[in-house]
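Each of the two complexes below includes subunit A, the first together with subunit B, the second together with subunit C.
Then we have the complex of A and B:
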């Protein structure tokens, strides 16, 4: 036993791979269902009026957003951390019983937290803050899970053999610190059981219910500082961590410019946190906050494109790999979608554009070309790269991967094009007025016009979900496919036909 | 001078500082090319490419450990 060579230990990575896939299926299925609910409202009561509260759009929407963001994506972040962290620090989880225990504890508490979040949201318990709907007991569970992840990150760094921290590690650390700070400040809340009303009532509401510590405009400001930076530190920063590791590794190419990666990192860190004000354009927050939000959003193009271009140039001279490998296709398209949505976002943050875009489906389209194209594809690609290495087996089917890629790409295109048209149509119709200033259209006029685009969006989502199920099946079958030697795992992942 | 008077100046100087800071950093990275321990920044890409547990680290924690 003592003489066995040291190996990386992927136990915890495998556990989080499982939740990535399961919660991805859950979140995306709910997403597709509520997309069709918007197109065909009858679906809200498809299972009968008695349980309509559980199937209505309003109840399911936070379940969709939270399960894809904090379920699928965060699981993907943890899974890749427990894989990439060991490798670039050149230290195995097997070397520390303590870190192994922390990793497993983090996983099981995470599963408990997810269960509590799903049940409470499904029951309709919510603090009503977007992407921060959880009541305080769940918030505390989330903080504990997060702190355990921090122990794992810094614990592994503490026992590393490689002195320098690879750029991905910087991004994982930024994710940990960023989300930690945002989550704590946005969820400052007071349990209502501790409050006393002006007329002396005590013990108000359920024991687990709480209200935000901030009021009115301040609450909105803190909420969107959080909301926008949740996009930064859940959907951007850790995903960059993934692509900086998995694309060079899978393609066998060194990062085009390591210096550019450092520069983009600091650029992103300095700029991102100031851009949240763009969610509150034309609202009651001070004008200078709105202007600052717009300006910093535009500046944000630079560091974002710095990373994205760095990734695309990493493939310089090796573009035949994009044609040959579906796995590289996923990553190159992910980085292209990253460029695309980090240009689209700043455009929407310009005040005059926002006057049309605000509250319309164009925003929904923007979020989804980022999350489906960039986040989803990158996590899928990461798991595809990890699977042969953690299971020591070749990927079950290259053909299935390629089919999945094209089905999902078509799904994304249908999704964002339909939402562009729907959003701009909506924005224009809301603003249209006659020479006396009377509105030209009623709200119902816009709903009728949007129907076909809503239906198309549902179809786009369904295609993406179909691809995701193919992905799950492919990974499942990989666990029992042809065993591979260590030498086959250097760069390009081994794939069965 | 109250907050609203000095805020624009503070904002202006913050922007100047960030611009000067980031351009200095670019200048530093591209003229020095190597970090303080003499390793070319571009070699750090090998941390991902050569990441087997028995590969030699780009910058080992300590020489003794690696022997």
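Then we have the complex of A and C:
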């Protein structure tokens, strides 16, 4: 019985691949547009004054961040889970009608949630908390989608043939638990319709409006415990899950060190959550929380670099593959960007550096070298690896892939260099005093000086978006071309991997 | 131990959860036990100010403007006294922001006037040459949602004990009572009375006409809110 060939079912993976690409295009297009709005404010009304309310920077900014984080990235996480999960657990989705149903239900509810989120953000219904802008009805939809994903993860684990959980599974489990905990606690809110007026009126005002359970400094503390660790558990942990699977698979190399994986995993789990305080340096949260945030941010270099070095050393002796394969290029540059941004982050978390960096564009630059270089590249690479296998067709064009790689890399470099210069210039000008002890620059001086960097950043973003459209085209041509193989057979026994 | 854990998904997950939950318990729970208390002079917002705060949030002003003055000379020179924890005691949600594409607004009420905001929101670049802030003409025509602002006040009072209709100490040693309406109809009357005071200082005829008709444009509420940031 155990020797029967096993065919994996990628129905749900394909569905999420689609939303990864669509929401990636949406989120990145909005990003490029609002980037140019800062360089050329006339763009705020380019679609006419009547809809200017919906195209102004403030209204679009949450749409950009949420569609790339919860649209593109989370779809990428789900898509890779529904591919990787079956393969490392040695069990097919087709073996359980229940899990297949859960997977599809999760997808459709997710699409519904995305639609509700997009409409509500456009209308201006926001809780104002960064990366947690959704009002309570959308929050509930998100929680349901997340729980369904949990059912899918543990359901598949429950019927697995391979008893030992591969490293990628550790990281997917951690993603599920981490995001679940963070999201629940940060979005504790009271719908205002529950209030009763002194004369007994109820259901007053908008039913979907709510206010935070926490006030002021406490609210800020919870928000950045969430905000920072959303980065951890959406932009780091699941992306490591991907690279631990796709890099060895694509390169044919075994993971360099199991011990290093262990150290990095448990280290990351323990250390990451402490570091949120570095978003609140010199604010009104208690000093010891700020100091802990700083210190643990530095310590965080260890587990982060542990994973990244483990990846790079996996390529030991096989570096010619980097030159030969654009797909390996994506993954190797992704882990390099991971090292780079996990060094930059701790530097910015040092109190004296943060005094200059906080509130500036340097922070924006830091976020984007992580998200564009590490998250974006790794998801793109994963989908490139998956496409021929789930669609049973050859990849449409490797040349296009290579061109995309260089265009996007150039885009990222333009992005972070312009934002570094912009951020440090801003930070230094804000604090500069003249010889009499007066402020040396007006606030407008610090805005005017940024124009060329804002423009350059927009160009960087546009290059990245161009590459992403090439990626979408490449995948589209792949799935719509003539099939080359009927199916991919795998042995059901664990050792047949 | 690790090899064994990797074969037992449930215990593995428990282990992961305990490891990640630990930091939150240590860092966050103590601060809740000692919830931030208001400083002398911190008042709850009035109804119109609350409505203005909702307009501020609706347009994500906090995407570009902070409300947190750090304790550096350059910041206190530019924006005024550095921010204190107690000043935020009634802020749900907090609006510190994370970017200063525009200047900090925590004490903007000290150095900008109704007239200035009116002109600036209609066309920022005309008042501040080189400004990259978008114009907000729709605030002059959209009507503010008084009902939701009132529901927010009620929620703050009922669930979180925010002291409406109670004496609150002020900096000059006296007390002030921030009133809250008893009914939705009362709330509308109260918001309109507040709006009339703000509109009296404004020039835009459409806004003045709207207030005279008993409507409250968003801009009036937003200005009331910005003026209360001190």
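Everything below uses one rule, namely that the second predicted complex is superposed on the first by the 462 of 497 C-alpha atoms of A that agree within 3 Å, B and C clash if a C-alpha of one lies under 4 Å from a C-alpha of the other, contacts with A are read in each partner's own complex, and residues count from 1 in each chain.
Note that a contact is a pair of C-beta atoms (placed from the backbone, for glycine too) under 8 Å apart; a residue touches a chain by one contact, two chains touch by 3 or more.
Nothing here was measured: the structure is a model prediction, and the numbers come from that model.
Student: Just subunit B (first), just subunit C (second), both, or neither: which does A:8 touch?
Tutor: A:8 contacts subunit B only, not subunit C.
Student: Which partner does A:262 reach: the first (subunit B), the second (subunit C), both, or neither?
Tutor: both
Student: Specify the partner with more touching residues on subunit A, choosing between subunit B and subunit C.
Tutor: Tallying touched residues of subunit A, the top partner is C.
Student: After superposition on the shared chain, which partner residues are touched by A:270: those of subunit B (first), subunit C (second), both, or neither?
Tutor: In the superposed model, A:270 contacts both subunit B and subunit C.
Student: Once the structures are superposed on A, label A:126 by its partner contacts, choosing first (subunit B), second (subunit C), both or neither.
Tutor: second
Student: Between subunit B and subunit C, whom does A:245 touch in the aligned arrangement: first, second, both, or neither?
Tutor: First partner only.
Student: Taking the superposition on A as described, I'd like to know which of subunit B and subunit C A:254 touches: first, second, both or neither.
Tutor: first
Student: Please indicate which partner A:432 is in contact with in the superposed arrangement: first for subunit B, second for subunit C, both, or neither.
Tutor: second
Student: Is A:163 contacted by the first partner subunit B, the second partner subunit C, both or neither?
Tutor: It touches subunit B and subunit C both.
Student: Identify the overlap between the subunit B-contacting and the subunit C-contacting residues of subunit A.
Tutor: In the superposed arrangement, which is not itself an observed complex, subunit A uses residues 163-164, 262, 266, 270, 292 for both subunit B and subunit C.
Student: If you look only at subunit C, which of its residues touch subunit A in the complex?
Tutor: 2-3, 6-7, 9, 12-13, 16-17, 19-24, 27-28, 31-32, 35-36, 57-64, 66, 68, 70-75, 77-78, 83-85, 87-103, 125, 128-138, 142, 145, 147-152, 154-156, 158-160, 181-184
Student: Quick one: which bits of subunit B touch subunit A in the complex? Just the residue numbers, please.
Tutor: 7, 11, 18, 22, 25-26, 29-30, 39, 41-49, 51, 53-55, 57-61, 65-66
Student: Can you check the complex and tell me which residues of subunit A touch subunit C?
Tutor: Against subunit C, the touching part of subunit A is residues 37-38, 41, 44-45, 49, 52-53, 56-59, 61-62, 124-130, 154, 157, 163-165, 170, 173-174, 177-178, 181, 185, 190, 192-199, 201, 204-206, 209, 211-223, 225, 262, 266, 269-270, 272-274, 276-277, 279, 282-286, 289, 292, 296, 355, 358-360, 363-364, 426, 430-433, 438-439, 443-444, 447-448.
Student: What residues on subunit A touch subunit B, complex-wise?
Tutor: 5-8, 87-88, 90-92, 160-164, 166-168, 244-245, 248-249, 252, 254-255, 257-259, 262-263, 266-267, 270, 288, 292
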